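These notes open a run of structures that come right after.
In the two assemblies presented below, subunit A is common to both, partnered first by subunit B and then by subunit C.
After this line comes the complex of A and B, so read on.
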């Protein structure tokens, strides 16, 4: 039962990772890419961690896996604000709606 | 699991190749960090979690951040490794052939080794026989801190040498003035530090009976310390008055190791020959001192030069 639930959670988490990877590759500027990475990846990672925690042998191991998710949430959100603040301070203004997207496909 | 192994091997080759062949220093450093992470995963697959931890912390984390800082210090004109119109170098095909040839030879040698009986290869039996007398319960700790303790002693000496080389380059660069622009960083460094300390103690304690020990523990504490150092939370390291203290602390691990080796020479007649009755205490003392020294050395790398001037 826990195996089934764990697999389902992990499979549910994978599309979020794929979506965030596509976003990282396709979005136009730093800020949009960070948005894709920090939001979708953290949800995907959370689902995968939950899926692994459900299958863990003991409660202690399961809690450790969930703790890993919590730590990554803290670190990745702080890292994202650091990168975006840095980019803004060093003169990379966010892309506006009517700017030409250099990376768009033709 | 074969698919995962092949994927890992290909990822290691790809990141290493990109690191060496693509233009741009920044890209090379980013690929080196990715390579470190892939190597850590490979160590996990080889059932060596302690090596994996050290590789992830030192190979990907600490070295990567050092190299990134070095790239940041370079003038913009020198950050390009290759000219603007970059082509794959002419010797690439020759290199690829040599790599494939050497890889194939290694593969054949490994298969040969498997045929002749891998079970008898190595010194696992001898180590297991000597384990009760070594003072440690885990084979890796026993090898690192007793049976081949001299190797670990020299490793710590090499790290101390690296600190000396960095200090000889230039005066220390003070941490960047954050000026309230990055409030999250300082808070994160302070909030996470108790957890770094807890993990440090856990690895030290775990080292006696499971993978862990001085190097991973030192790497974790050092990483937390680097975070504090770069957010300007550790002022004393830069001050002149603390310079001697810092030097003694840096050398403490190596000195204790040397004292132990000499004590072994006096007591049993061979360098670092620990008598079985005391070996456990010696190992704990060395492990704590070495871990603290390693953490401090990793932190002093991030002074980027000699402090106290």
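After this line comes the complex of A and C, so read on.
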């Protein structure tokens, strides 16, 4: 039962990783790309970690995997702000786009 | 060498014994971490001794998890953030995989209303990155400069997040 649940969680996490990578390639600037990395990647990783934790041999190993996810979440979120602050300082202003309204009514 | 000795003396002079409840809580928390990191196979006494030493000497007074934090409200808050985080991930994933990838991006400045302590503001700056459509660009002078992706109205969302963090520290304000 735990193997099945673990596999289901891992399979659920994979599309988020794929979407995040596609976002990294398709989004136009560093700021939009960071949205993909901080949100989709973290949820994907979280689901995979939960899937592995469910299948772990002991409670301590399961908690260690969840702890690793928590630390990566913290590092990723802090890193995103540090990267965007650095990008701003180095003269890369965020693009102001409104593609959604441009296509509205067509 | 002389400078190092002076530095240690300065640190020792500033050291104060934390309240016994704080020491007890931190020792318990760090012992738990030791148990998790060693996967339950490490020496218990060594773990407790290390935990006690860190609890007594680590300068954690400026950390956002101060003594004011209402620990019993954490599960509700984690549930709230998990829901927001999944919602944000689904939004970004849909956008990345959509055929046209139509982006609506702009920036906005958010002024803190309730959080005045820098460590709590830093906590909010980090959590903004996990909520749908928002990314903290920088934090200065009681404001957050935020990049917004496909979310025209985020003011209410940010106010709610700030109120939830304020509640964690015991301030009850509606949102």
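Basically, the second predicted complex is superposed on the first by the 97 of 106 C-alpha atoms of A that agree within 3 Å, B and C clash if a C-alpha of one lies under 4 Å from a C-alpha of the other, contacts with A are read in each partner's own complex, and residues count from 1 in each chain.
The definition used in the following text is that a residue touches a chain if its C-beta (ideal position, glycine included) is under 8 Å from a C-beta of that chain, and two chains touch if they have at least 3 such contacts.
Quantities reported herein were computed from a predicted structural model and do not represent experimental measurements.
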item: First, second, both or neither for A:11, with subunit B first and subunit C second; value: neither
item: Contacts of A:39 with subunit B and subunit C, given as first, second, both or neither; value: second
item: Dominant toucher of subunit A (residue count), subunit B or subunit C; value: C
item: Partner chain(s) touched by A:85 [first = subunit B, second = subunit C, both, neither]; value: both
item: First (subunit B), second (subunit C), both or neither touched by A:19; value: second
item: First (subunit B), second (subunit C), both or neither touched by A:75; value: first
item: Shared subunit A surface residues [contacts with subunit B and with subunit C]; value: 74, 77-78, 81, 85
item: Contacting residues of subunit A [partner subunit C, same complex]; value: 15-16, 19-20, 22-23, 26-29, 31-32, 34-36, 38-40, 42-44, 46, 58-61, 63-64, 67, 73-74, 76-78, 80-81, 84-85, 88, 94-103
item: Subunit A - residues contacting subunit B, complex; value: 71, 74-75, 77-78, 81-82, 85, 89
item: Touching residues (chain side subunit B, partner subunit A) in the complex; value: 181-182, 184-185, 188, 191-192, 195
item: Subunit A-touching residues of subunit C, taken from the complex the two chains share; value: 33, 35-40, 85-86, 88-89, 91-97, 100-107, 125-127, 129-130, 132-133, 135-139, 147, 149-150
